[in-house]
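Lettered A, B, C and D in written order, each chain numbered from 1.
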Amino acid sequence: MIEEIETKISTLGPMKVDSPILSKRGNVFVRDDERVLINITQSYVNERFHKNKALLSFEMAGPRRKIYFDPSKLKCGIVTCGGLCPGTNDVIRALVLELHYVYGVRHIYGFRYGLQGFIPKYGYELMELTPEKVASIHELGGTILGTSRGPQDISEIVDTLDRLNIGILFMIGGDGTLRAASKICDEIKRRTLKCSVIAIPKTIDNDIFLVEKTFGFDTAVEKATEAIRAAHTEATCAYNGISLVKFMGRFSGFIAAYATLALRDVNFTLIPEVDFDLEGERGFLAALKERLERRKHAVIVVAEGAGQKFFKDQDLGKDESGNPRLGDIGKFLMERIKDYFSRLHIPITLKYIDPSYIIRSLPANASDHIYCGFLAQNAVHAGMAGKTDMLISAWRGHYVHIPIKAAVLKRKYIDPQSPLWFSVLETTGQPSLKNE
Amino acid sequence: MIEEIETKISTLGPMKVDSPILSKRGNVFVRDDERVLINITQSYVNERFHKNKALLSFEMAGPRRKIYFDPSKLKCGIVTCGGLCPGTNDVIRALVLELHYVYGVRHIYGFRYGLQGFIPKYGYELMELTPEKVASIHELGGTILGTSRGPQDISEIVDTLDRLNIGILFMIGGDGTLRAASKICDEIKRRTLKCSVIAIPKTIDNDIFLVEKTFGFDTAVEKATEAIRAAHTEATCAYNGISLVKFMGRFSGFIAAYATLALRDVNFTLIPEVDFDLEGERGFLAALKERLERRKHAVIVVAEGAGQKFFKDQDLGKDESGNPRLGDIGKFLMERIKDYFSRLHIPITLKYIDPSYIIRSLPANASDHIYCGFLAQNAVHAGMAGKTDMLISAWRGHYVHIPIKAAVLKRKYIDPQSPLWFSVLETTGQPSLKNE
Amino acid sequence: MIEEIETKISTLGPMKVDSPILSKRGNVFVRDDERVLINITQSYVNERFHKNKALLSFEMAGPRRKIYFDPSKLKCGIVTCGGLCPGTNDVIRALVLELHYVYGVRHIYGFRYGLQGFIPKYGYELMELTPEKVASIHELGGTILGTSRGPQDISEIVDTLDRLNIGILFMIGGDGTLRAASKICDEIKRRTLKCSVIAIPKTIDNDIFLVEKTFGFDTAVEKATEAIRAAHTEATCAYNGISLVKFMGRFSGFIAAYATLALRDVNFTLIPEVDFDLEGERGFLAALKERLERRKHAVIVVAEGAGQKFFKDQDLGKDESGNPRLGDIGKFLMERIKDYFSRLHIPITLKYIDPSYIIRSLPANASDHIYCGFLAQNAVHAGMAGKTDMLISAWRGHYVHIPIKAAVLKRKYIDPQSPLWFSVLETTGQPSLKNE
Amino acid sequence: MIEEIETKISTLGPMKVDSPILSKRGNVFVRDDERVLINITQSYVNERFHKNKALLSFEMAGPRRKIYFDPSKLKCGIVTCGGLCPGTNDVIRALVLELHYVYGVRHIYGFRYGLQGFIPKYGYELMELTPEKVASIHELGGTILGTSRGPQDISEIVDTLDRLNIGILFMIGGDGTLRAASKICDEIKRRTLKCSVIAIPKTIDNDIFLVEKTFGFDTAVEKATEAIRAAHTEATCAYNGISLVKFMGRFSGFIAAYATLALRDVNFTLIPEVDFDLEGERGFLAALKERLERRKHAVIVVAEGAGQKFFKDQDLGKDESGNPRLGDIGKFLMERIKDYFSRLHIPITLKYIDPSYIIRSLPANASDHIYCGFLAQNAVHAGMAGKTDMLISAWRGHYVHIPIKAAVLKRKYIDPQSPLWFSVLETTGQPSLKNE
């Protein structure tokens, strides 16, 4: 699954400053040569040794004994981009508290409304970030910095970083943000500026390559189960009741799959990774009919990116992030289900539930609160050490540094052969839904 | 507000059986001549006395010392009709437990899937209802009996009641169910059957005349606030962010109004009872623009029945309950808002949230659990006493008997001159939204 | 239940200033002679008329067309006293917003930490209260002003009011606070100051006379059910499992009773109002044994003030509010239950749950959010009209003015003959627990 | 941290039966030689290779192509032991569904009330477990099988297994249960029975060696934060308010530590793993005083096993599981704090919150629902393959088989040098609390 990716982390220069942590606590430091294997199966390790090949591994995150920046002179920036995600304010808060209390950094600025915040023409003021300012923000959904979608001119962004003399920029965002971060790093390097860029990956869809779980995903899945519960109740209270729930998930069906596993009242889970037919003997509609005949009700969960083949003849344009607009699979399935049973003269009661933003705009749950704290603390350690062009990720129980360029190589998908999808199939009991 | 309505309760005949409660507890009995004033202001009372007119009042609910039915021979039926409502299972449960444990009734049947449950052609079996069967159902949303919409043949319904020898039929439903209940009573009377019909009014919209609050409304409002919270978070995290939330409320805006008061982050609340214009100097769009200019974000709540004048040229047909289909005011406003700001070249970020069934399919909250218990207990007392063609309602802190015919005279609306609407206006700060 | 109480509201003087609401909205004003009957049964009304006696009634709350204070010059104070209650911040918030936006009052001060806030020796600074300051406080439990228990010198309090030139003091507190408010009013009158005192009654125990429901009670009951749920789970998972839950309720068992009705898994509810024996054939322990034999588990709910007769020989002193310290009935019952079954050689598994402050320190639920808003708005209307020495209460569906002296005449209790207690008994199935 | 432990899994015999999964799905099988490294750092791997030592690894869990038991003849048993834990019913449910639907096992029995369920003298009947029986049990806290504490005679247990011809016994329990499981396996082996014992480790304290996270822990931490929130509200609303919260955690402070990280309003976290002094210049009481002087409020979280050195002179006996009874550190700290500030004449308001069973008796949250499903499915795969004397655990992102004897070697503790504890210290800001 993990091919030969780049795992070396870039740095701004040698780490010569003593860490201020040194005087505070015992030995909590991590060395740069401490690394975590990417593939941790014994067969892989044996094979690599046998072939005399190096083992792929990630640099371990954590505080370094020597750091790159002098905290007293350092200015840091934080920006949040893209859609909302539970825990974003937790990350902002933990970045500020770690920079302030642990490293003694006194100049921390929030850029407003995503990448727009770097562009002078929007005229947004910086938000000064202090411990007082962020004290309770983890109780709030969203991001106190605001956000926006879509790219901005890289050169203008770096102009702003240069003008404000930002030493570390923390970027919280998804795939597009990671790509922008990488370009910003390239431009910083070209100009030989001393500015580190550390990304904390954020996407409600949980589909970033090399990132085991994005923060906020747990919270979103928990909230998503409420929609399934409602769907199940509506379906069972009608004779031949069918409920259809649509969840976020443009390219991957992680929310749909995990929410299915969490509540286990779902009979069909449709995701972008797994093709399905509508008509035909083994298609979805026939399977739905068979289910209704047997149990008199059915609950269907569909990820928004599923079944896009049904829209392939339509030109739907692009959204503000530049992604191709998706066909509305929820409404499409509604119509097709209605038509199908109407043709068969089988009365059904069909309910459609789209919790939409409700699952992503709430505060983090306890588990995400904790996770966000660790991500942000390690992001600060990395930035202070002068690491750059990297992101923080949890990997196999450790926090690690991953080059951004490795993480944007491709997306993370649900493997239809994985225990995860196998478990979903066992839970729903759904057949293959393909005519052959 | 309360005109000269019928307040006299019909009965099947004299109450001659000793209540089994008698031997169990002290004196908890209520006499038939205990009545609660409808209008409880002093000026009204004085005026009526001055004019020598009788005071309008409702018969008080509660256990009677003598009852009509012999519990050991009695068979009771329960049916739930129309849309789901939190607490329906609480009512079923409390009916069964009160009939079984307090009165000793041993034959209680649930009719399945609403009024369809009485019609032989559907072939649904009765569900026998025992204390064991209903023990934990209050933890579940929906109704264990299932439900359906729309009318059924009254004569067939009464045939079934007659054939099964049902003595008391408890009907849990909304406006349409109350009207059906009344017709069933007329037919029962015509056939001189000994069957009492007691209604427990149910509607998520809280718009039944003479019913202060329908059960489940509290729970629905609580859940509805989550959608507003999401809307507020989304709106504030974007520059010129606008969120639009649609709630149930075909003819009245109670959910919209109460949810607005409960969270107080709403800037515009649009309900069926209060007309508004879109265009024009004082119309909604201009007011929204003014709000955006001032605060850079806005949250709009709209009840599904609001602004139906904008669809008056369209023939939308009728739904399965026979109600005229409403124009989709949510989608309509979305389009109009987008167009308006696009015309003005003002970039906005517009989010639409429709929690739909999520707010009605959950279990009751604590307050509704308690309320449902009292409603059902009093329904049983009324039925055992041979009262009929009536519903149970809370009135000014007492539980009372109200003739169904009085309650279906008209709907309950939000009075635009009431403290309730005045309070909504103060909370949102919205102007009149009418061009004059 | 309602005797001949004083219902006349005191005022500072004639209302001569035009209400600023006048120019904003239509006619929403309430006249001073609009009154709500206290006893609203027809028999009572008829009897009074027959005897030619006046009907007892409360003055209706709401905005007056003419007010007493000139808003531009007015200074208002707010103080919160006693134990925490959900919704207190809602009340503070709504007071400030109503004073500021509806009446145009610009000087609103919070006194810190209850009555201590008036006493110079504590040295607490005033908190200036603005719409910005209170914007989000309804999301927080507790009170942003802080609180304290116990009395302070009335003369010093009035000195402070005089020195600061406070025109309206809003006091949020329970029985002790109401008594202090009354004394403050007497002292204000003696000094012929122009200061109005308006109370908003607050107690988690819901036991203030003439107050149908105190704010926060609904929220507390909802949270309390979680402890019962835990108790029920623990009890049913052990063979002969017994769970005992203690709730607040010094003099009255409202939380215990309503929480019992809300979850309905309780087998014994013990409250201060209803005496019970431990030993003896019909005592609690024998009844508990009988329950265990029959069902193998039992859930017991006890209000902290129940069974105080068992401590009558102990001198427990007084708490900081000056109330006699209660015996710990929870721990006492634990010991007695353990001893009893140990004597009988019946193995049991006994679990004790005391959620204590968890049920009172959380933010208000939706229903209490709404309720607090109405209470505070009406408190402001009353204060602006120059009313004084009164509290705001909901009465039979209206908001009314009640003289404080009437409300402190006695406490509100659960009447063992009431439908409420009857319903608890039916729910628990518990026998009388008295040996005769 | 990981020494040379036994990692080889015992089996009943060769796997010769074709897995029934084979015909259903594609290739989802795991081979016995697929293994996951225990220590996954590169330095460890390199060192082992350098020293020519084998790498320690765990056998990977998952379905095997060939299995040991013939499903049509197999009888399985399930037992739950020890204290309640969120998710236990999820595990039972997933075991039953996996056995029934995936492998076609038709005889599954639940033993009642823990190990007592095997002992004839208690007279408990078996509970037959079917898909219908377990369909909704994941919505409930506790365990439908009931539970008990303490050991039972191993020989009698194996007699029962033999008599009932149980082929796989699934044991859900903690440290004591694991030890019992191991002894049962020894006895089974001695008698050369063909019975596999698979454990799913369960403890709310999360302190089982080699088990990264026990199920239910996430849910418990989430609920625990509510108590901290209440504590924080109470503390901040009083002048010099101190709140003390006690959590479960006999030997380890995981709940205390994670709940601290999840809410971040805690100022002192006291756990069994980290010694502290009360008196003295750098002791806890002086630090608390310093905190109060600076911020006027403090929140303290204490694990029940913390500070046991203060009780070392008391003989507290043993509990029913045979563990030494702990001194009540909560009450002890209350007294000592009160005394200390009373001696200094500093008035404080001290509140004590012990949520006790509330955090462990609730249903699993979404994350634990999912986790329990995977644990149980893998337990079934292991059992069907004839593995025995092992437990299922998640390790570094994989599910693995671990010999029970390895897991009971010692407990898992919080390492005071770990990033976890370092993060707690940064969050609380607490000093060392040791006088030197």
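Heads up, the rule we're going with is that contacts are C-beta pairs under 8 Å (C-beta built on N, C-alpha and C of every residue); 3 or more make two chains touch, one makes a residue touch a chain.
Because the structure is predicted, anything quoted here is derived from the model rather than measured.
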What is the touch distance from subunit A to subunit C, in steps?
-> 2
Intersection of contact partners for subunit C and subunit D | none
Averaged over CA atoms, how far is the centre of subunit B from the centre of subunit D? Could you give it in whole Å?
-> 47
Mind checking the centre-to-centre distance between subunit A and subunit B? Centres are C-alpha means, answer in whole Å.
-> 42
Return the distance between the CA-based centres of subunit A and subunit D, expressed in whole Å.
-> 29
Quick one: which residues in subunit C touch 2 or more of the other chains?
-> none
All pairs of touching chains, please: list them by chain label.
-> A-B, A-D, B-C, C-D
Can you list the residues on subunit D that touch subunit A in the complex?
-> 25-28, 33-37, 40-43, 45, 49, 55, 57, 60, 62, 97-98, 101-102, 138, 212, 218, 221-222, 224-225, 258-259, 261-264, 365-367, 369-370, 373-374, 377, 396-399, 417, 419, 422-423, 425-427, 429
Along subunit A, where are the residues that touch subunit B in the complex?
-> 84, 112-113, 116, 122, 124, 140-143, 146-148, 226-227, 229-231, 233-234, 236-239, 243, 349, 351-358, 361-362
